[in-house]
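First chain A sits with chain B, and in the next complex the same chain sits with chain C.
Here is the complex of A and B:
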């Protein structure tokens, strides 16, 4: 309910994370993404513009998504990261896995260029 | 709170639809027309509560209730009889079979709703208490009972588990004399599930260390092995953990560590306090992740502090999280002459907006005199 998911193209969706991704809604996030994976999407742009809270359970649900799409070369990228999210990403060294972009459109552009290359 | 599921068993179609319609606003509702259908529905998925008529074709309410009593998984489902039989005999018979409540038709819907709420609340409370007990037991097992005693050093830790906290773990072993291995970690997730995975995970780390028994074990190599196991094992699927492995060489007065996305430790000296920066990716995420060893000398009067995220994610008075910067400030002001973990917790609470910890807290302290 709290996750807005928009199609970008046949393979890519943009998920707006909203204010919070934590132990309370991590399952909801997982299920929402699973539906997208089942319908063939493999690139996920996560929009963190409004996100104030990302706890370890929330981050875990993003990791699960990554584990699902990475075997088929799918990608999970972060767009417009807020300060609190930046802290968590820094701490867990996950910037090594999730590419970061200043905006959703920059992320989308990078993903579509990669697809053409 | 629409998460509860209720099964309505009622042969009269109009009443069944009415109940379904009214209860649907509050719960997930399934409905069936008799006891046989009810048993099939329960076999598919166990509801949180059953509301059942007594007089029904094929299988009546009494027979349904006694069938449910036979099975360990279904006998604890809260059960309400809803019936037109208002006389005392049937009421007695209804109570005898071990139902939780009994409502006669015509009934007041508000009354039914409040009874449902009361029953569900009681069940939930019972479950929470049980989980609390198991969680406490796990928390204890995830921490060592004693610490090593080494001349010229203080080795101590403090652990404050919260009932709904996460999967903090701490362990140590001495694979060869004079070399100690400390494991500080946090398995992602909350509550009893995280503690269970932390427990399993701790056994993996122990097992891995045992198979590598030799002098100068590389912490990075252990991390690499644990990461591989975590990614290959289906039982541990979707388990992610941060882990800090420290090998302490007593004779050289040094530590060699590898850090898989865990909170970065501090080197605390009498006149300065610095972050031990180098770290790698969290475990369970990437099969190609690489890990590196780093060595830090421990000068006389200095110590190493390792901890879990409960410490830096504690909210300070202004509502922001304490963070690494905040922790560094606290440490710089702290008297590190003895029992630093307890002093640290005290100082952290003084900065906090509440006088309790938000999450599990674990701090480990290794100091050279």
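Here is the complex of A and C:
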């Protein structure tokens, strides 16, 4: 299992991406997230602190997750973005879709505040 | 030139090559780190394409990667001994992404978007060669439809 998934609350999980999210483990990421969606999670905090490669297929798997949760107002946010991942975010301008936070705790706080509003 | 012959390990081996270059660049900064990260992504995308789609027939795969700094730019050259891929035709027929938030089909367009002087050709020795430069351009991006 490449991805560590921890519950933050009933609706939110933190997914630690690890070294890579690429064509080799994108399906595994999709399946792991689908299990969470099936069990009622709508908000995903993706922790990129240790990630050296996010490739186009990996990004596509995140798009897939976003397409699943966004109709029910679920969110996918990026936390602790490493410099290699920041390059991809800038090149694809996905900061327009995925909010970015300096840390997992900052992302969790923002999602928690949004849920209470 | 760095040569790789195992398609099962080449992705991790290429990442290792870039990790070593990143350590060198931290000790002696001769170009922006973002340029190296962009090069790593571009090389990864091309090698991933080779691993997933290339036909080496009965030949032992051999992929060579050359990286060098030329003035303010990073030059990358990747050679392989597969049957080749019609990259130029693909790029001619796929000028941009039309699917909203696509799962697949972004890799080669991303490669094109983040490189300068992208050139792919067959060599007289039967190999295929991809060349490009990486520059630290802040205005470069790949247009992806985010909404219908």
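Convention: the second predicted complex is superposed on the first by the 117 of 117 C-alpha atoms of A that agree within 3 Å, B and C clash if a C-alpha of one lies under 4 Å from a C-alpha of the other, contacts with A are read in each partner's own complex, and residues count from 1 in each chain.
In the analysis below, contacts are C-beta pairs under 8 Å (C-beta built on N, C-alpha and C of every residue); 3 or more make two chains touch, one makes a residue touch a chain.
Here the structure is a predicted model, which means the values were calculated and not measured.
Peer 1: In the overlay, work out which of chain B or chain C sits against more residues of chain A.
Peer 2: C
Peer 1: For A:74, is the partner it touches chain B (first), chain C (second), both, or none of the two (neither)?
Peer 2: After superposition on chain A, A:74 lies in contact with neither partner.
Peer 1: Is A:57 touching anything from chain B or chain C once the two structures are fitted on A? First, second, both or neither.
Peer 2: Both: A:57 reaches chain B and chain C.
Peer 1: Is A:66 in contact with chain B, with chain C, with both, or with neither (first, second, both, neither)?
Peer 2: Both partners, chain B and chain C.
Peer 1: Using the superposition on chain A described above, determine whether A:92 touches chain B (first), chain C (second), both, or neither.
Peer 2: After superposing on A, A:92 lies in contact with both chain B and chain C.
Peer 1: Quick one: classify A:23 as touching chain B (first), chain C (second), both or neither.
Peer 2: In the superposition, A:23 contacts both chain B and chain C.
Peer 1: Between chain B and chain C, which residues of chain A are contacted by each of them?
Peer 2: Residues 23, 55-57, 59-60, 63-64, 66-67, 84, 87, 91-94, 96-97 of chain A touch both chain B and chain C.
Peer 1: Name, in rising order, each residue of chain C that touches chain A in their complex.
Peer 2: Of all residues in chain C, those touching chain A are 11, 15, 19, 33-34, 37-38, 40-41, 44-45, 48, 52, 101-104, 106-107, 110, 113-114, 138, 140-144, 146.
Peer 1: Which of the residues in chain B come into contact with chain A in the complex?
Peer 2: Within the complex, chain B touches chain A at residues 166, 186, 188-191, 237-238, 240, 242, 261, 263-264, 279-282, 284-286, 289, 309, 313, 321, 323.
Peer 1: For chain A, which residues are in contact with chain C within the complex?
Peer 2: By the definition above, chain A touches chain C via 20, 22-24, 52-53, 55-57, 59-61, 63-64, 66-67, 83-84, 87-88, 90-94, 96-97.
Peer 1: Quick check: in the complex, which residue numbers of chain A touch chain B?
Peer 2: 23, 55-57, 59-60, 63-64, 66-67, 70, 84, 87, 91-94, 96-97
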